[in-house]
Each structure stands twice: as structure tokens, then as C-alpha cells.
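First chain written, first letter: the chains are A, B, C and D, and each begins at residue 1.
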Amino acid sequence: MNERLMSSTIFLLLTLGAPALPAQSKPRARDLGVPFEGTPGPLNAITDVKGVEVGHSTIISGEGPLKRGKGPVRTGVTAILPRGRFSQDQVFSGWFSLNGNGEMTGTTWIEESGLLEGPIMITNTHSVGVVRDAVIAWRLNQAGPDKEGFAWSLPVVAETWDGYLNDTNGFHVKEKHAFEALDGARGGPVTEGNVGGGTGMICHEFKGGIGTASRMLRAEGRMYTLGILVQANYGLRHQLKIAGVPVGREIPEGAVRTREEGSIIIVVATDAPLLPHQLKRLARRASLGLARLGSTSGNGSGDIFIAFSTENPGAARDAGIVSLTMLPNDSMNQLFEATVQGVEEAIVNALVAAETMTGVDGHKVPALPHEQLREVLRKYNRLTGP
Amino acid sequence: MNERLMSSTIFLLLTLGAPALPAQSKPRARDLGVPFEGTPGPLNAITDVKGVEVGHSTIISGEGPLKRGKGPVRTGVTAILPRGRFSQDQVFSGWFSLNGNGEMTGTTWIEESGLLEGPIMITNTHSVGVVRDAVIAWRLNQAGPDKEGFAWSLPVVAETWDGYLNDTNGFHVKEKHAFEALDGARGGPVTEGNVGGGTGMICHEFKGGIGTASRMLRAEGRMYTLGILVQANYGLRHQLKIAGVPVGREIPEGAVRTREEGSIIIVVATDAPLLPHQLKRLARRASLGLARLGSTSGNGSGDIFIAFSTENPGAARDAGIVSLTMLPNDSMNQLFEATVQGVEEAIVNALVAAETMTGVDGHKVPALPHEQLREVLRKYNRLTGP
Amino acid sequence: MNERLMSSTIFLLLTLGAPALPAQSKPRARDLGVPFEGTPGPLNAITDVKGVEVGHSTIISGEGPLKRGKGPVRTGVTAILPRGRFSQDQVFSGWFSLNGNGEMTGTTWIEESGLLEGPIMITNTHSVGVVRDAVIAWRLNQAGPDKEGFAWSLPVVAETWDGYLNDTNGFHVKEKHAFEALDGARGGPVTEGNVGGGTGMICHEFKGGIGTASRMLRAEGRMYTLGILVQANYGLRHQLKIAGVPVGREIPEGAVRTREEGSIIIVVATDAPLLPHQLKRLARRASLGLARLGSTSGNGSGDIFIAFSTENPGAARDAGIVSLTMLPNDSMNQLFEATVQGVEEAIVNALVAAETMTGVDGHKVPALPHEQLREVLRKYNRLTGP
Amino acid sequence: MNERLMSSTIFLLLTLGAPALPAQSKPRARDLGVPFEGTPGPLNAITDVKGVEVGHSTIISGEGPLKRGKGPVRTGVTAILPRGRFSQDQVFSGWFSLNGNGEMTGTTWIEESGLLEGPIMITNTHSVGVVRDAVIAWRLNQAGPDKEGFAWSLPVVAETWDGYLNDTNGFHVKEKHAFEALDGARGGPVTEGNVGGGTGMICHEFKGGIGTASRMLRAEGRMYTLGILVQANYGLRHQLKIAGVPVGREIPEGAVRTREEGSIIIVVATDAPLLPHQLKRLARRASLGLARLGSTSGNGSGDIFIAFSTENPGAARDAGIVSLTMLPNDSMNQLFEATVQGVEEAIVNALVAAETMTGVDGHKVPALPHEQLREVLRKYNRLTGP
């Protein structure tokens, strides 16, 4: 274990256990003057949706040439628990694949049942399996099988590919890392950038990774919250637009790839009472937020989106007629706008938070340069704030 | 036969202009000793689901050689109104296409919204358009546009092809026939066989058409009803199985076609409180009932199914949080069985009710011979009753 | 027929029969200095794809208060023929619904067979039926049924709602208008704006309607063309972005609606050899072009997209093994980019071409003001050209 | 590893390496006089489709009470390789979920790309992950990553639940078992019943497991082969019909469950040149074969089907226009019939081959009694042969 890994591990433990980073320590996109639409929640994070918890396991070790199985390692696991670590209750859910060059396990049952039974896990492409089985084991360890002998048996695990920076063929994610992400999940601020499943990810040929955002909205006389979390690993440099500004063309330096190879996983959470078919509508809207960044969802991209609602607890109970509430379709426009806006901001947050990283074979991926971003926004009269 | 049925039959005679047998003179499949599973409702018809109304417009005229636009005419329209003629309230709905060589308009909105806003209409292939626009006109005539200026604007109209018996290229279905089916819709017994949209249809190379059936079932301590209506126009003779018995191979006489060209539309109604994604599951189960008849859902077949629930009135209202009830997924098995069983019986009912018909160019399609059917069932030890 | 309608019909005949309006008479979006990505074809129109023909029937008559059935009338029909008026050959096709509050008939068979058998028609919501049946009649008149007795029996007809300007409940589109659009279809320049199905449409609370664009692209060493045609009738003013610039917020004047009610139909044509599942991928990409305009695809919107390839003639023949060619998936990124770029430009072209219109009850919808648009683009440093 | 496991592994190696069991040693369904439609291939197995290889890893050890992690173990892995162990070439593919209470990884990319890149693996529910990652590792071991650094990264792994007989929460399937199934894959006869992924499975409350069948058919003047392999683990006793005969009601003895908990995975292989959308049509037809057995596809069932075509080698190559052939849609009826017939026979073959098994906590599941089956078929005049 080198110094880099030690400090990052310590950082991880601290951030998971601690309440939050002081806001000033790391600017987010709107701190830099990027203009966004809509009203964010207090944390501007998916955890603004009450009950939602997020945990990361970040695995960083080694430097230099790739030796399969030895590293360098730049990867991890992120866990999103819709009702927190201690609930066995399910949530209504829907999903959508904009471009299916990726994996999200468990979606066949979501499509059928309208229910998400456990956490959403995000990791690298080659570690979906180990994380999937680990979710079952974690559930068994935590609560045992249910009365018919079942555990959660169809976990939701998604991925993006980190083989440019990470020894992804070395299978470095183990069961313990999935447990770590699950056990470390908390409400409160969410660490962004090079953490968890996003550790080795690349976005528009800048360093990418985990990003989050949220929106508050009013519908039918009540306030609702909608939160987004992304693992951003997609896109070519020249395509990148921020706030409609052609940032990628203005900052061509350091682009690392010549063709689209990446992916993006988008998670949409809300406390608005939506049925499964309505949540699928939200998941589909994530496409429109992604499009604002300039993506054309390339052939190599696994652009897969999932939405859930924390309302309607008990919807999955297995006996008795269930009472539910539903927001009427005519009131969903605010949720659609919140989804599109939140996805846009969460991706930019991922780009802003991620830091330059060097991985296998000395591959180096630069962070989006903050000052240069501000200059470009100013050039196009889109910089906000001081 | 009760008074209600008599008066409705008289009404039918008048509006249809056709002879029509008194109801008691016409046996249904189980009267002939065909064994079925499950418990039918009082009418063994889709109208056992409270509120559901069915109306037919039957158009029969002319004989002899086909003259396009002149006849002979053997066609019509059937209307199924989930909440009856006088309700503007919508129903949750889901649909499924087993083999999409057919049309069912309005399904894109059902998929999106989970709601069916008006009636389900079934006619011949070339008359879908006129019937569709007529539904909008009928709604405007009946209740005017809603407060935003809209009428029902995305009607559901399905079809099967009757060109072997009917001058289908003559476009004989007019707006008035759609109105007639809608205005004539009633609860109570449903006329089967050569009526409404089923008038000129062919099933397993016997005369086909409209059939219906229902099932009573218990779930979560309550009784529910599930009803089926089919417009049966599919299948080759040699494929036909009834109660698992190879009836088609045993009665090869009079087969009229050499390849699969037909279709079947199946409507599933229930008063169980199901959400849209659950109704889609019911619609998918119609496939399994159809399979029991021996169908392999040929390339030329438009096998399209739709399900709706009359529970949860007010689900479509456009303001305020909506309160709903839902049957849990774990209690849907009884509904699945009822759907499969009901579809099986409704198709056999269509075959049993349909009568030999001669249409364009002297094309003659024989009815399924009742006595011969009984003999075949007896041969395979499957005949029930006396 | 009143004088106004007569003159508009004469105008229509002239524009359809004539080669093109002189380019200088009516600027298109890029003439105004709107920046776009990619390389357009010679006409920057869907008709750059060889064989594709487009025809419009425009119906304009009356002024003043709405009298249902009497007008005022502001509507029409647009026909897109993938292989021109005289071909019976089909094309591979795929479709996608981003938000299904709309109708596109015939899609169930496209999904099943991968084939589009005839034209794509676009009209108003309440006229889908009449146009659908008219397509069958037109086919029968033109070529008669095929050898098994079938005509095209599952026409593709899409719609958007024009009831703010048009007496849409008056059902003014007749069979003859569908015939007119079909018979008038031609290659060459495509009239944009207030024509055909787009006559009474509204986009981002400016006057909308028909727009088109195209892209040339290189894949596998060959040049291909991809064309777009839209009927644009969606969106709120404040959402409108052009070239990433918040044009809607900068030009708030004359906005006519308070909530999303519209829709957009997008047609994607290409001569690249794509299979049905690949064309569905193109159709899905239309969402990303639409998103660039700021749309969040509101609940009331019927955002339905269809793509077809003119390559692989004879793919639908009904006997013998068919030989095909296919562009590999890895070469589809250029087509994805072309689709997104083309959709973006076609919508802006619709906005630029449409002219201020007054319809029922004196409702007036303003055109997008060209000079003001240029000023806004200049403010954000996005104006191109002189 | 105890003695029992060792001997079973040795048995496995022998059966995999050897040409075939002598036919007389174990009767198949048609040997018992069960009537089926259609013409099977020489082996009446999925391996009649040239190039297809099948391998099993069977894991059986321990007896007595369940100790999680210790056993008893009754499980395994089955591998189906569309082009054999040594090919990196992909196949066109399509999939369908009749009832999605199950997992089949990799389907999002099949839906998107139309291509299946590697083997299809079937195991128990809780071992999907380990088998999935093992497929990537096996591919890396065998051929290394491709030139862009990728291995197969989206493996297809399906499952059914064996927790009634197997210590499924003990996670006894390891990477080596996946390797064993892959390395042991061969053409030739396929072992059925209690083997591979089917080891601990239950079907209609009889012992179930792996079954296979095939059909020969003529289309467009050529002979094609279609093969089926099932892992059958679904259904209630009273529902079971064989050849249309109510076998389940006639043999009620020894039924082990009171509600539907199982699943069935069905694999359809063919050498007919079908495109991805056509293969999806085949996958959907598997439902109709399953329905013939009496299934209503219960809520707890993961009834997930996948089809592939071994024709069109090179369809996945990543450069150059690809030349393909396609069977026209009008010629697919024979393939539909073959699928339905083959699925029906493969399931009955699984029931006939499976032997009575005792597993965890002394749970005992009886085999379908062969003589009693013959008696029931005779009673209903459906027994064929001597």
C-alpha cells in the first residue's frame, strides 16, 4: 500500500463516519459560477430525499505498469439505499436504458413487479458479479432470509468501465468492499468525484466519477424533493457543453481518447408518490439532462437509468390490500424538469469534484480546470455570481 | 332468460336488422360438455365485471361476387365501455402484443399514462380509422370537450381482417356504426359469434367471431371477477385443441385456408385493484390461454391484448393527490389463472356460437359442428356432463 | 370552399409542383447565423436521402369565432414516402416514444416485423383516423391489393394537436387531403413552417410547424446521408434554448400558454444500411436533439419518433432468403451525432420558417422574431457569420 | 470435498467426455409414448444445431439438516456456447421475459446491439454473480482482451431457485464450477435431469432440471434446425398437462409445495438466418410451449427466454459493411411451430429424465413416475407406440 492509498483510505473512513466536509473545502459547480435552473435542496444531493443513504468503498493502490491481478488499482463500489441500511421495506421503481452497452442487474424484476427490493450498487464492469452476490450475503447477514426462506435475491448492480486507469481485469473488488459501501452508507453530504464506483471513471475525457444534485419542487400544494446521483464515465471532449456553452471545444487540452467508450449510470430518487410506470417516465427524462451536456449516447456507452420513490412504504407487503397515494400525471411536469435539471447539475458536479488521476501504465486523466471553466463561461456571458 | 336479456335481444334484432336466435336455443361451450377449469360468474361474460358494457353493430348485406364498394358485406363494430356509456372516468390499463401484425390505436398513451380514457372498439382492419375518429366525435356529442378544450383524443381501436368473407376494401363501416355500437352498449348477456366486429371472422378455419367468459376468484379475503372478450380470427385447423384434445386433426373437413392469416384481439376486465404494470401482466397472460387452443401465433397474426381494472375510480383526476388501493403482487396468481382459463373458454365460446356463413364470391366458412365436437371429446375421455 | 382556402390550395399546388422557392426569399436558421454542428446535405432536408418524397396538403379557411364544424380551419396533412410515390417496396424501420401522449398508428407492426410498409403521414390529433383509412384507399387505387388480397393495412399516421388555432373538433381533414399530400409528394426542397400537418402548430409558444434538415457523414469509408423532418408543436417559452442560449427567457413576449400541451413528431431517414434494431437506436437519439432545445418532454406531449433506412430494397419480399447489408454497431456513432444535430436544426428551421398566424377566436401566435433572435445569439457570443 | 462430490465430479467428466449414454439406459419422453408434433433432429437436443456446445458442472454433497455454508449441496452450472468453446465470434440474439421474477444478466446489451457475445450460463439464483465474473475471467484466460482492451464484459447468466433442496444461501458455486461447465462443453447428446444448473430444481412439484429437444423444418427450400434447452423449476402439480392430458390432477401424490415459487429458463438455438428482432419473436414463442404444460406463469416465476441464430458469422465485426442473409417474416411460421413444439418436449424430457432427490433437511422431491404417466396417457387415449 503506497502513501496515496493510505491517505485516501483514511479520507474515506473519515468522510463515511463524519457528518460532512466543510462546504468551503471543495467547490461544487455552482460555487464556480455555473448557472443552473431550479431550486436545490439543502445538501444539493440525493440524500436530500429523506431516508436515502449513500456509501462508498474506494480502492486505490499501486502505480506504474499494468500487471493483471496486481494493479495499479483505481476502482470501488458505491451503494445507494433507498430507505437506509436498516429497512427491509421496498420502494416503487422504474428504469430505462438509453443505450444498453452496460449492465444493470435486477431490472427484469423491477419491470415486472414495479418494486426495487434492496440497494442500488454501482461498481466497475468486471465486478458486477461479486457485488451482486455480496448484496445477497449482506442481507442474509443482516436480517436472515424472510419467512419463506428467501433473501433479496435479485440485487440491482450497475457498472461503468474503468480499464483505462484501473487493472479492471484483475478483479480487485471483493465482497468486503461491497459490505464496506453498504455498512458505510449514511444520509448527509455525499462525497463526489474519485470515490466509490466512480474512482477510476472518465467523463468527456476529463476525470469523472460520482456526482449528485437535488431539486425542490411544488406539486398539488406540497413540497417534494428529487435527488440525483450519477457515476459519470462517458463522452468525448468536443461534445461537452456546460450551461449550453461549448466548453469541450474551448478546452481541448489533455483529451485522452479518440472514441466513445464510456457509460453513465443515473439514479433518480424522489419522495413524491409515484407509481412504477410514472417512475419509468422519470428514468427516461434522465436522457434529456444527459443531452444537455452534449452527449449523443455513443454505441459503446451503457447509459442506464433507474428511478425510485420513497413514498408508499409497505407497498411490497405480501398480504392484504395495499393503500397507496399517487401524484396525478398532470402534475408530473415539475418532476420532469427537476430530473433534467438535476441530472445536468450532478454531472457537472462530478466533473468539478473529480481530481486529476494517474493510473495503469501511467495513464493520466486531467481534472476539468476550474478557472478555465470560469473563463469560458464568461466568454459566452454565462458566468453567474461574483 | 330474464326480462333484461329479452329486451336487449329485441333491441339487438332491431338495430342489427339480422335474424338472431333466441338466447336459450344457443348452447355455449360448457353446455356441450367441454371441460373448463375455474368458476365462471353468473353470465360467464365480461359483463360480470360490474359497470362493463358491450355493444355490437353488425353489418350484413348482399351476396355473390365481390364488387368493391358494393359488397357483399359481412362486418361490424364492437364496443366495450369499461365504466358504461355515461361515465367520463378513466380506468387503469395495460396492454401486450404477442404478435403485432395488427393495429390497436391508443396504446402508446396507455403505456405512458397507465390509463385508458374511453371505450375499446374492435372492427375490421380497414375501418380502424373511421371508428377511431368516430369515438372522438361521439364523446364530443355526448359530453363536449373538457375544460381545457380536449375530448378523448387517443381512442383505442383494434381490428382483425375479414376480407375472406367481407368486401373489406369497400370501407362499409361508417361513423354511424361506431355510434350504434357505443349507444347500444349494455350490461347483461353478451351476444357471441357472428356479431359486431366479429361478424366476418374465421378461427382455426371454422367460423369465428366474438366470444366471452368470466371467472370468480378469491384474493386477500375478497371475491373478485375477471371477464374476457375476444374477437377470434386466427389459427389453422390442424392446430386446434380444445381441452387439450386435438379437435382440429379429428375434424379436418371444410378447412378454408392454407396459411395463417388471422388475428385475435383479447380484452381482459377485472374489478380487482390492479395498477397499470400489474394489468400489463394480465394482458401478457392472455397469450397462455390462447396457446391452450394450439396457436403458435403466426406471422400474419395480430395478437394484441389489453387489460383494465374498474377499481380505483378517479385515478385520472387532474388535481390533488390520488388515493388508490392495490392487490399485492403475491396475490396475483389467481388472476393469472383466471385470465388463462377465461381466454381459453371465451375462444371456445366464440367457435361454438358462430354459425356457418357465406360471404364474398360464395366463400363459405363452416361452423364448428357441435355433435362432432362432443364425439371427439368423448373419444379422448374429456367430455363432461350427461 | 371560400376564397381563402382556394388561394391557399393554389399556392400549395404551385409550391409542390415547382422546383423550390428561391433560397433568398425565406431565410433558414443557419442563414440567420444560428450555429450548428455537422455537415448538411445539399438541400439540408430529409429529401437529401435519395428516394424520399414529401408532400403537404394545407387547409386554411375562415376567421373569427369558433363554430364547430365551420372553422376557422388551420390544419393539414404531411406525407413522407420513404421510396417515393410509385414504389410498393418496404423499408426497415424502428420507432421510439419519449412521451406517449400522442398517436402513431402502425407501430405495433413496425416493432414486430422491423418493416414500414408505406408512407408516414402526419396530421392533427382528431384526423388520424380519416388519414389512416385514406392511405389504404390510396394504395388500393394506385396498385390494388397484392396477390393474397391485402393492401397496406397498417398505415403509419402520427399527429399533434392544433386546437388553439384550428377548429379541430370540426374534423376538416378529409380523405382528399390525404390523397393530395400523397399525390403531391416530391423530392427536392421541402416547404417548412405553416404547411401540411404543421399548419396550426405551436412550438415553445412561438408559431411552429414543419421543419427539416440533413447531415452527411462518413462511415466505413462511404458517405451516407441522414435526414430529419419534424412537426413541432411542443414546449414552453421559458424552456427554449437555441445553440445553448436561453432564447426563451430573453424573448418572453407573446407567450400564449401557461402549461405544456404540445407534441413533436420526428422522422429520421437514412441511406445507411441499418437493421430494425439499429433504427430504433436512431429513433431514440431524436430525444437528445429535442433536449438541446430545452424540452423536458411534458406530460401532455406526444413525443414520438420513427426512423427508416432506404437501403436494403427487397427486404420485405415474401419468398426466398434475403441478402442484406448492415453497418456494424461500432460505426453508428456518426449516425447518432447526425441524428441529434439534425433534429436540433430541423426544429429551429421550423421556428424560423413559421409565420405569425391568427386562428379560432382570434388566437394569435407570433413567429419567432428573426432579428431579435440574432441579437440574443450575439449577446451570448454565439452568432455566426456576418 | 467429500466422497460423494468426488464421485459426482468424476461421473460428470465421464459423461461429458464420452460420446453419449447408450440410448436404452434412460428413456426420454417419446420413448415412454408421449405424443409430440413435428420432426426432431438426430439427437433431439439443442446440439443438433451445428456448433452449439453444452457443458454441465454438477455439485452434490452432504445430507441431512441444513447448515448454511456446509450444505447439503444440490446445485451446479450449465453452459451453452452458441459457436463452441473456441470461437470469439458473436451471434444475433433476442430475449423475452414472460414473468420477470428472475435474473438474466446481459440482456440490456442484447436488446441494444442484437448480439450475444459469449456463452449462456444457467445456475442457481444466488450464484449468478460468481458465474458472471467467471465468464469474463474464462474469456481472459482463453483469449485475452481484444485489441481495445476489452474482454466479453456483459455475460449472460440466468438462474432458477433451488433452496428447497440446496443450501443456496451457502454460495457453493465457485468460479471453478463455471470454468468446468465451459471447458466441458461439447456437441453431441446432452445429459438431462439432475445435472448442471438443473441439479436441485423442481417442476410441477416433481423433480425437474435440464431438458432438451429439437426440430427439423423446411423454409424457403432449405432444411433448418431449431434446438431448445430448458432449466425447468416452475409450476404447481395440479396445473401439469402433458399432451393435453391433466397428468397433474391424475398423479397428485408427493406434491411438495403449496404455492408457485419456481422459474424456467428457456434457450432457443437455430441455424436459420434470423435478425435480432426475429429472434425476439422466437423467444416470445417459448411462452406458448410453456403454456401447453399448463403453466400460468406465476408471480414468483422467473420465466425468461433467449434465442440466438448461428447463421451470419461475422455479424459483430467492428469494421466494414457486413453482408447478411435473412429469412423473410412470411417464412417464420415453421420456426414458431418448432419453438412451441420443442419447448413442450424439452420440458417433458426434463421431467422424465430427472430422478427422485433428497436434499436439505431431508426434503424429498419425487421423480415423475414413468409407468403412471403411461397409464394416464392411455386413459385419455393419448399414449403412442407399443
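Assume a residue touches a chain if its C-beta (ideal position, glycine included) is under 8 Å from a C-beta of that chain, and two chains touch if they have at least 3 such contacts.
From a predicted model like this one, the values you see are computed outputs, not experimental measurements.
Participant: From the C-alpha centres, identify the chain that is farthest from chain C.
Facilitator: That would be chain D.
Participant: Weigh A-C against A-D on C-beta contact pairs and write down the one with more.
Facilitator: A-D
Participant: What is the distance, in whole Å, between the centres of chain A and chain D, each centre taken as the mean of its C-alpha atoms?
Facilitator: The separation of the two C-alpha centroids amounts to 36 Å.
Participant: Hey, how far is the Cα centre of chain A from the one of chain B, in Å?
Facilitator: 47
Participant: Scan chain A for residues touching two or more other chains and write them down.
Facilitator: 99, 111-113, 281, 329-330
Participant: Okay, in this complex, where on chain A does chain C touch?
Facilitator: Touch list, chain A to chain C: 98-99, 241, 243-246, 259-260, 281, 284-285, 287-292, 295-300, 329-330, 332-333, 336-337, 339-340, 379-382.
Participant: In their shared complex, at which residues does chain A touch chain D?
Facilitator: 68, 97, 99-109, 111-113, 125-134, 136-137, 140, 145, 148-151, 153-154, 157, 161, 163, 169, 171, 261, 302, 304
Participant: Which residues of chain C touch chain D once you look at their complex with the stated criterion?
Facilitator: On the chain C side, the touching residues are 111-115, 220, 222, 273, 275-278, 281, 315-331.
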